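Next come two complexes built around chain A: one with chain B, the other with chain C.
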Partner chain A sequence: MRKEFWQEDFEVLGKNDLKKLQVERLNATIEHAARSPYYKTLFQQKNIHKGDIKDIAQIRDLPFTTKQDLRENFPYGFLTLPKKEIIRLHSSSGTTGNPTVIFHNRHDLNSWANLMARSLFCAGIRDTDVFQNICGYGLFTGGLGFQYGIETLGALSIPAGAGNSLRQIKLMQDYGTTAAHAIPSYLGRLYEVFQSAGLDPKKDTKLKTLVIGAEPHTDEQRKRIEEMFGVRAFNSFGLSEMNGPGVAFECEYQNGLHIWEDAYVVEIVNPDTLEPVPDGEYGELVMTTLDRQSMPLIRYRTRDITRIIPGKCECGRTHRRIDRITGRSDDMFIIKGCNVFPMQIEGVLMKIPEVGSDYLITLVTLNGTDEMVVEVEVKKEWFKGDIRRLDNLTKMITAQIRDEVLAKPIVKLVEPGYIPKSEGKAVRVVDNRVNGVTKENISCS
Partner chain B sequence: MRKEFWQEDFEVLGKNDLKKLQVERLNATIEHAARSPYYKTLFQQKNIHKGDIKDIAQIRDLPFTTKQDLRENFPYGFLTLPKKEIIRLHSSSGTTGNPTVIFHNRHDLNSWANLMARSLFCAGIRDTDVFQNICGYGLFTGGLGFQYGIETLGALSIPAGAGNSLRQIKLMQDYGTTAAHAIPSYLGRLYEVFQSAGLDPKKDTKLKTLVIGAEPHTDEQRKRIEEMFGVRAFNSFGLSEMNGPGVAFECEYQNGLHIWEDAYVVEIVNPDTLEPVPDGEYGELVMTTLDRQSMPLIRYRTRDITRIIPGKCECGRTHRRIDRITGRSDDMFIIKGCNVFPMQIEGVLMKIPEVGSDYLITLVTLNGTDEMVVEVEVKKEWFKGDIRRLDNLTKMITAQIRDEVLAKPIVKLVEPGYIPKSEGKAVRVVDNRVNGVTKENISCS
Partner chain C sequence: MAYEVSIFLENKIGHFERITNVLKETKINIRSMAINDTVNGWGILNLLVDDPDKAYEALSEKGISVALRKVIALEMKDEAGGLDDLLLQVAQADVNFNNALGRTIQETQTAILVLNVDDYEESIAKLNAKGIKILEDQKVYGNQ
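Then we have the complex of A and B:
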């Protein structure tokens, strides 16, 4: 079968052509950015001008931008255009301190809608699909982001909004919904409502595709969702500072998310040193907008931890793939000189069938040496019988964690219920080191 | 000052040119409609063809369409195009029986967005405004309807969504909101939140325009809102079967709502006889879409009661004006041969300063004659002093109601609290007639 693309001209660009386009667009972005009060001052201080960039690697000469910068220059410090030309804003709730706000002119909204349509097409959605957008609208970017993308693609959109599961099911049945977007945790609840209504989504709907995002989740969760609904589920990644959804998306091969490099320069850096890490290694995702006029952001530190998946994708798209988000850079700790993200360890543990649902990482100083103790709940049936089975399991987990994070842990198997449950977000890391990082009770989602 | 229009070519069309355009578009609409299963059969039965309409008055030869027809042919009976070409649906909640659903292709959504932009422009909104859309998104047409209209107009949209008053106020202050859309009852609550926060919307915001709709309300409510917020408030009318908002809108003269006659054929009919009523008389609004491809509706009975306001508007727009909606045709009763809508009587009463907040209409048979008894609560201070003042008030109210509805009522003044309060929607009409209409406890909003 011939491979299909939403924009073949952009999606299969050769490496050099893509870099050339990026250089061109980055210089234009610098020119736009220089019109905002924030970058104007910064560029003057650092002697940065449009045309400076001859090779995309030179992006490393540009300064980083952080969420803190956005907040301190709220609301108009990053705005490059007169308010008259802006036609939409999306704003965070700003429960603590200033909110962050992103402004869009017509070009920006069209560009976003196009990236979103490209993303949906990449996941196999076509204009023949009936697409139910199960997600909050309004200032949250998921609602309008998907809405404009579905319409641009030409599928039939059902702007269902969030919640009201019985109504969601009725909509699916009334209009023959074939594809839907929802957060992974909601899909579990929706499935229960299907069951209590005596319905099976596999038989009683025409669903074939789910798009899941906005919440970190594991590949195991994805597979469970695929089984429950009898669909293929595709991972969607976005953040409001980079528009919202439509930043990176899985293709039919479901082996990482193509991140649209004609619209963003993508870097992965060590969150401590801010130096680039090689492809394949985890670090903080840093992004630069290449096609936004109202509010370009340069080397924005997303705080999201991921890695570039090395190699080419079979789908033919040349834009590199990022791995699913494994946490926030704020959650990272350093042990034995290695940067470790709790989600890396969780990823290892959740693939082991004997492991139960809880674990706890404790950093301690033993005889002057910092150690990482990983307590792992093991399913009840494993505490019966031969003790050597437990020994073997301990060795296996130790080896797998060391392979993943490069630091050797002290693994302790414990019975289910041994690890204290916390209210709300689970506490995954406790730091009791004598001279360790001062962060205590680091939690990861 | 030169008068400004969003689309001068359409908005100030002379009467004959407008009729010519309507004839052309109505024939095209018949051609589109004939592709839907419902109208195909109906047109064959009634021998209706495109090109039949030579004069717009011939629309009376076409059959009516009712909500019942929509429900019975749910979901695809009115669809004229393959589902592949449809890019959005809006659907009612369908808590009782089948929902109603309206399908849109790209042309339909663009046409709707344009009418909405024209409506906002007509109410004085410009691309320099910051427009906060305080309204539910999703399947409810107010959210996306306004959103696309604001963006098409080029104002800065804040897709605020419904509820969370403190956040609404913060958004207004953070971004200098100059215009907003909300339902009238919410604006009363919002004002209270302003007050409890020690804020005055007149001084502490830049609001100058409010658009109010989706809920029937009186001109007195509008004036109260204008005073509370220090703004001008404009009435917006729409219904999902005719897209949603953007059907009819007030202009700067605030003397009725221009209904866009290049997009709709507007008729006012007697809901009993279905015969047209003269301009100025109340009746049921009947509408035919002229610019919708996916799902044209012919002579759709909206059930909304209004009238054409005779005469020309000073703004220069030639599209006729409808009066604010005064109720639903289902609320109408007939007394002494006159069609009466409870809201007509409410309209008279609410303009009289001595009248309190409640009234009750009871239809009775006295000595073989049907009579309309109107009990009216009068403010406490009026029950003191000279009884002749009450007699004069009774006579005055009687005369004013008769002038409005043409049937002479029996008016009884009562003290505040005399009329029993009902839970939920107020009961305004009780029918105790011997041979009267069988409807009992008719309520109007």
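Then we have the complex of A and C:
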């Protein structure tokens, strides 16, 4: 029989068995955490003990942990073990203030490598694949995280590192790369290098699978990547505070990312009230590690905005699926009483062929009313000199954004090249409102 | 057939000059121009130039949104009532137009009316049926 799962025991666990496992592991996590200076004090203050948790819903009685807590207790405040036991650290590149650092012992690294292998298997990658990891190694988790996962899975790994597109193409051709991991924005540039070298990745490589992640992207971007390279592209989600990649991954159905609930307790909360939201509604992802010994984190506020996709996945895995990340809770703004994430607007624009994907949202106060001005570029090749066509385009974009975010924008068409090109995390929202972020209690208009 | 050069233009300082600068560098002579302004902060600049293809290429190369649009050029007398006489004929021919440019030719005491229409072929046929003369391209561009 063909092997369908990396770990059938865990991946298709029934709902009740999964909850039972979570309760068991959460109590163990509390026990581990209580050995760290930070949680020891906190648990004493809040009267939290191991064995307190009888039902996984009781996790709501536990306090949240924030990035600020990690920074304030830098570097060892969350460490549960003597340094002798620790074998690796990964750290964010904080340019201001303390970086965020996560420590791992051998158990933690093995657990992470296993989750990563499970994730790759879930996306259809097998030990027969040649996997090129086009990603920076070092403190960034995307390099070593994937590396250990590929090796655990048993595929042939090419630790290519980031950049140097011509060398990436040569590696692909020399070793017959069948699968690769890269950030979505890089793949666009790589494709251009293929083209300028007179090559077509569809014909001139053996690529069949791409894994994309580490930066927010839309489903339209994924489809473009799939067309450019003639592959299937799978969404990968992770964050260094939860190890790195391998937290949640798409399966062959490409309809949301299975988040590994034997390793994490997953909650979605309203970022303002911190109350849980129902499945299907967007909110901030809150995660608790269940299998990390050196540095457990309890109810960590990831600041990533997503939702649980309701219903069962056809692949048979019982772990729930999260939707692609639509932004950071910090990026969210409120206009006319509606919560808006810039990625929602980007998603609308990417579906309209006449406009480019570069845009700028400016929040302004006009005659005492807050307005959202969305500037979009009209693509050169679509311009036919017809004023009515452009007027209709403006109306169409206005209506589509309004349908998506429920607040009516003021859409302005601009000449190509006048909006700064996005380099990774570009500024997409400028808030020039008189009262800054206003949170008036008016209904969506 | 003759062409006008249509350009997408934002109502912002320096944007118009960016266009005219490209034309200056390319030694394009502007015979006539009109700006259609809209309330949305942008408009369409229509230009009649001596070499539309060259203007299109130069502007396009600079990343400017530019299009060539077919136009119909008609001749009229450069005197009081000349335009009215011509427009009456155009209306009688049942031809509707979106925008117009005009310029005079001093040597011949005549003027040119340049029209952008929705249905080019049909409009030509209607004007021909009424015996209204359509000018040759090089005359429209002011090259002869």
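Please note the rule applied: the second predicted complex is superposed on the first by the 337 of 445 C-alpha atoms of A that agree within 3 Å, B and C clash if a C-alpha of one lies under 4 Å from a C-alpha of the other, contacts with A are read in each partner's own complex, and residues count from 1 in each chain.
Convention: a contact is a pair of C-beta atoms (placed from the backbone, for glycine too) under 8 Å apart; a residue touches a chain by one contact, two chains touch by 3 or more.
The model shown is predicted, which means the values in this text are computed figures rather than measured ones.
K.L.:
Would you sort A:384 into first (chain B), second (chain C), both or neither based on which partner it touches?
P.N.:
Once the two structures are laid over each other on A, A:384 reaches chain C alone.
K.L.:
Who wins on chain A residues touched, chain B or chain C?
P.N.:
It is B that touches the greater number of chain A residues.
K.L.:
Quick check for you: in the superposed arrangement, does A:394 touch first (chain B), second (chain C), both or neither?
P.N.:
It touches chain C, and chain B stays clear.
K.L.:
Figure out whether A:415 sits in contact with chain B (first) or chain C (second), or with both, or with neither.
P.N.:
In the superposition, A:415 contacts chain C only.
K.L.:
Looking at A:161 after the superposition, I want to know if it touches chain B, chain C, both of them or none. Which is it: first, second, both, neither?
P.N.:
First partner only.
K.L.:
Quick one: classify A:351 as touching chain B (first), chain C (second), both or neither.
P.N.:
A:351 contacts neither chain B nor chain C.
K.L.:
Touching residues of chain C toward chain A in the complex: what are they?
P.N.:
Interface residues on chain C, with respect to chain A: 6-10, 15, 36, 38, 40-44, 46, 60, 63-69, 98.
K.L.:
Please output the residues of chain B touching chain A within their complex, sorted ascending.
P.N.:
74-75, 83-91, 93-94, 99, 101, 103, 106, 109, 127-128, 130, 136-139, 143-144, 147, 150-151, 154-161, 167, 170-171, 174-175
K.L.:
In the complex formed with chain C, which residues of chain A make contact?
P.N.:
378, 380, 383-385, 387, 390-391, 394, 411-418
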